[in-house]
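Please find the structures below.
Each of the next two complexes has chain A plus one more chain, namely chain B in the first and chain C in the second.
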Partner chain A sequence: MSFTRKPGGKALDILQNLPRISLANLRPEPGTKKAEKKRGRGQHGGNRSGRGHKGERQRGNRPRLGFEGGQTPFYLAIPKYGYNEGHSRRAQYQPLTLNRLQYLIDLGRVDPTQPIDLTQLVNGRGVTIQPQKRDYGVQLVGEGAGIFAAKVNIEVQMASEEAIAAIERNGGMVTTGFYDPRSLAVLCKPVPFFISGQPIPKRMLPGEDMVTYYTDATNRGYLADPEKIQKARIALARKYGYVLPDISKDELFHMLSMVKNPRQIFFGLSPGWVVNMAEKKILKPTDDKLLQYYSS
Partner chain B sequence: MSLPFIHRSAMLCRGFRASLNLYDHTTTIRLRTLCSSVGEANTGILQSTEEYKFVERLIPPSRVPIPPKHDGPSPSGWTPPSEVPPALPYMIRRSRMHNVPVYTDLTHGSRKTTLVRKVEGDIWALEKDVKEYLQQLTGKDLPTQVNEVTMTLRVKGHFDTELKEWLVEKGF
Partner chain C sequence: MATSMLCRRTAIFSWAIRGVSPLKSYNPASSHCGLLHQIANYNPKPLKLNLKDPYIPDRESEKTPEWQKTAKYDRKLFGRYGSSSGIDPAKLWPSHAQLEEMIAEEREWNPPLQVMLKNVEAKTKEANAKRLAREKLVAANMAKMPKMVADWRKEKREAKQKLKDEKARRERLLAEARERFGYAMDPRSPKFLEMVSEIEKEEKKKRKLMKRRLKEEQSHLPPAASSAASSS
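Presenting the complex of A and B:
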C-alpha cells in the first residue's frame, strides 16, 4: 500500500504553531555543555595552573619525544629489519569469500550456468580490482565454506585449500590462472579495451616466482598436469571427508570442463583478434607470421 | 587458429612447459603495420560475426538484475521481501540492491548508532515498535531519533543484525 504523508510530519505541524525561533528562545539540552576550566584565573584554575611543581615540567622545557634521560631510547636500541621493504611493489590479490560468492549467485549478479571469470565478477560488481595498484587478481578465501551450495566453474588467480574443497564438494571446478598486469586490465574492463581498437593481446606466462604455484596440481594451476589434478581432487576429498561427485555424468559437464588456453584472455576470443563493437564484427588476422606469434 | 575453449582432457601441457624454458623472445611483430594496410585493402583480414556472442557476454549490465525466486532464505542468508506487504502502518522498502536498509554508523571513534532508512508511513509507530523490541532484547530503554524530513530512524548502539532479522521476519 502507498502511504501519502505531508513531508515534515508532526514536527512541521508543531513548528507552524510555535513562535519564530531566534537566539532568544534557544538553549542547549541541560547537561550537554560542561564549562571549560579556564587556567590561571583563580581557585582551581589558578595557583600553578595545572603545570606541577618547578622543574622542566612547570617551565615548559621538557626534552623531545622518545628521549629517555640519556639511556639509548627504544626506537634506536631496536635494530632495523626490512619487514615492509618493497611493500608497495608486492603483488596483491583481492580476497573473495565464499559467503560473498554465494550472495552474488543468490541475487543473480553472477550466473552459475556460465563459467565464472574475473570479468563476470567485476560485471556483477562483486569485487573491485585495481590493476594499476599492483593487484594481480582475486583470491578465493574459505570463509563461508559451511554454507556454500552452488555448482560453479570458477577461475581465480589464487585459491585456499578450504575454498577449493568447498567448491569441489558441490560438484564444481576451480582453476587458478595467471594474468600479467596488461591482460588483467583488459580482463577487468573489456569494453573500453575493445573500443580502443587494439588486438586482443596474448596472456603472458607467470614469472619465475609464480611458475611453481601455477604448475602445482594442489593449487589447481592452469599449467599443471590434468591427471595430477584429478588425483589431487580425490586426495582433497579424502582429506576433508566428502564424496567427490562425478561431474562427467552432470548435464552441465560441458560448461564445467571449459578451460581457457594459457595464452587466452577471454572465453571464445583468441589473441590477435580485433573487436568492432559498433558494427558487431570481429576482425581476424590471416598473415602467417601473426598467426604464429599469437599462437605461440 | 581459433581457440574458443579447450577441455581439460584434451589439454597437452608438455608443450607449454617446454616453452617456459625458452626465454629468447624471437619475434615481436607489431600489428600496427597491419592496421595501416587496412585502409588500403582488406585482403589480410577475416571478418566474422559468429563469435560476437562471446563479446556480448563480457558487456557489464547497466541495471541491477532482478534476483531469482527462492523458497524462503537462500543459502547465503538473503531473504526476499514477502509478496504481500505486511498490514502495518509503516513500510520499509528494500535498497536498490534488494537488501534491508539498516546501517551502522561510528562517529567520533566511539559513538555507535544504527540507522533505519527508506521508511514510509507512520514513522512514530515504527519507533514505538523498535523501542519495544529492543527493550525486550537488551532490557534498556534506548534513545532514538526520528527524522520526519528524511523519514529515518536512528537508534543508539549497534543493532543492525537484530533489526534486519526482525524486519525480515515481519516481511519487509
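Presenting the complex of A and C:
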C-alpha cells in the first residue's frame, strides 16, 4: 500500500489543533465596522449635535409626518378609490422563487429525495407562512427558471406556468393543492398541533372562487383529471421547447408520483388519527360514525 | 452544476473530518449522480413536555379552576403526557352529538365538489348570457345608427330650410303689402293681417281649380286609354 497524502496538508493540521471558535477569538474584518458618531461629544458630535440651528428642527417640535405647512397635504388631496378595499380579506400566497428553492436544496435544507411539502419548506426555514394573516400557502414563481436543476416532487398552493415548466423539464412533478386556514396552520406547525391532542382534521375543499383553479390540469390542480394532467405536461413541453423526460423510467418514480389525497394533510397520516408525541404513538378511531366522517 | 460542485466540496469535507460532523449526513441509497447529498436539518426546538413533573389537575376538588376541567384541556393533557395523564383516549374525538353538529355544519358551509362545479357553471353561463344579450343589443343599436344619423341630419336640414322659407315668405308678404299700400307697414297691424288672409284665400281657390282640372284630365284620360287598349 503506497502512502496516501492527506489533502489539505499542514493547513488542515493547524485547523484541527487550533482552539474552539468562541466570541473571545473573533473580531470583525478591519474596515467593515465604522465607528458611529457619538452625539453631544467632541468637536464633530457636539455643539448643536446635528440638530441644525434654532427653530422646530433643533427644538424637536416639527409637525406630524405629511403636514405641508397648512396646504392640503398629498395624502388628503388625492381622492380615495377602491384599490385597497377588502385588502384584509384577500388571500395571500407567499412567493417561492426557483432561485430560493435551488439554494435550499443546494444547502441541504430541503431534501429532494422526499416529496417537498409546505411542512418541509417551513422546517428548512425556506418560507415563513402566517396562516392567521390570510396566508393561504406558497406560490411557485418562475424567477430562476434558467438555473433551476433539481428533480423534485413539490406540492405548492399556486404555481406559475414558467415554474411548472422548469420543474418538469428537470424530471420533477408539481402539484397545486388547497389548504383551508385550519389545515394550513396544522401543516405549518405540526408538532404544536400534535401536542394539543386533537385528531388530525380533514382538509376542506376550496371555495367556489378557487375550485376552477384546482380542477384545471394546466395548473396541475390536485382535483384535476390525471390524464388531462399528462396531456398538459406534453403540451407544456411542446410550448416551452424541451423534451419531457419520462419519469416512469426513473429510479425515484415511486417518490415522484406520491400525491396526497384531497382530504389528507400529511403523507402517511389520515384524518381522524391522533399523534401522541409523549409516547410516540398513533391512535386511530374505531367508531363507525367517526370513521365514516373522517373518510368522507 | 452548482449541486455537483457543492456535492464534491461537501464530499471532501466530510471525508476529511470523519466522525466530527455537526450536520446530519443523510446518505440515501438512491442518490442522484452517485454523489453524497447532505441534508442539513435544523435542530428542532426541544420538546419540553415536562414528563418528569406533570401537572394533572384534580378533577374532584373545588379549588381547580373550571377551565382545567374542560374537554379541551383534557386533550391538551393527553397530548403532552400521553396515557400517564389518566385520560380516556376515547374522549379525544368528538361525541356523537358533536359529530352530528359538525356534519350538519359541513353540509351547509362546504358543499361537495359536484355541487360547487355546477354552481360555478351556472354562474358563468348566466354571466355569458348577460354579456351576449348586451352585446347583441349594442350591435343592433349600432346597425340602426347610420339611419338614425341620416334622419337627424335630414331633420336639421329641414328645420333650417323651413326657417329660411318662413323668412322668405314673410319678406314676400311685406313686399306685397308695400306694393299694395305704398308704405312699409307693421306686419302685426290688422290691415296687414287682412291682406295676408286675402292672399291665402286666392291661393286656395287657385289650388282647388288646379286640382279639379287635374282630376278632369285624369278622368278623361283613363276611359280614352282603356278604349284605346280594348280597340287595339
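Worth pointing out:
To be clear about the criterion, the second predicted complex is superposed on the first by the 215 of 296 C-alpha atoms of A that agree within 3 Å, B and C clash if a C-alpha of one lies under 4 Å from a C-alpha of the other, contacts with A are read in each partner's own complex, and residues count from 1 in each chain.
The rule is short, and it goes like this: a contact is a pair of C-beta atoms (placed from the backbone, for glycine too) under 8 Å apart; a residue touches a chain by one contact, two chains touch by 3 or more.
Note that this is a predicted model, so its numbers are computed, not measured.
When the two complexes are overlaid on their common chain A, residue A:Ala237 makes contact with neither chain B nor chain C.
In the superposition on chain A, A:Ala150 makes contact with both chain B and chain C. When the shared chain is aligned, chain B comes close enough to touch A:Leu291, but chain C does not. Judged by the touch definition given at the top, the superposed model places A:Ile247 against neither chain B nor chain C.
By the touch criterion defined above, A:Val211 lies against chain B and chain C together after alignment on the C-alpha atoms of chain A. By the touch criterion stated above, A:Leu12 is placed in contact with chain B and with chain C alike. When the two complexes are superposed, the chain touching more residues of chain A, out of chain B and chain C, is B. When both complexes are overlaid on chain A, the residue A:Ala91 reaches neither chain B nor chain C. Shared interface residues of chain A, touching chain B in one complex and chain C in the other, are 7-8, 12, 102, 105-109, 123, 147, 149-150, 191, 194, 197-199, 205, 211, 215, 223, 272, 277, 281, 283, 285, 287, 289-290, 293. Per the touch definition, chain C reaches chain A in the complex via residues 1-3, 6, 10, 12, 16, 23, 26, 28, 30-32, 37-42, 44, 47, 49, 51, 74-84, 89, 92-94, 96, 99, 102-103, 106, 110, 112-113, 116-117, 119-120, 123.
Of all residues in chain A, those touching chain C in their complex are 6-8, 12, 102, 105-109, 111-113, 123-125, 147, 149-151, 191, 194-199, 204-205, 207-208, 211-212, 215, 223, 251-252, 272, 274, 276-279, 281, 283, 285, 287, 289-290, 293. Touching chain A in their complex are the following residues of chain B: 1-9, 11, 13, 16-17, 19-20, 27-29, 31, 34-35, 44-49, 51-55, 57-61, 65-68, 70, 74-78, 85, 90-91, 97-98, 120-124, 148-149.
For chain A in complex with chain B, the touching residues are 1-3, 5, 7-12, 99, 102-103, 105-109, 114, 119, 122-123, 144, 147-150, 190-191, 194, 197-199, 205, 211, 215, 223-226, 229, 257-264, 266-270, 272-273, 275, 277, 280-287, 289-296.
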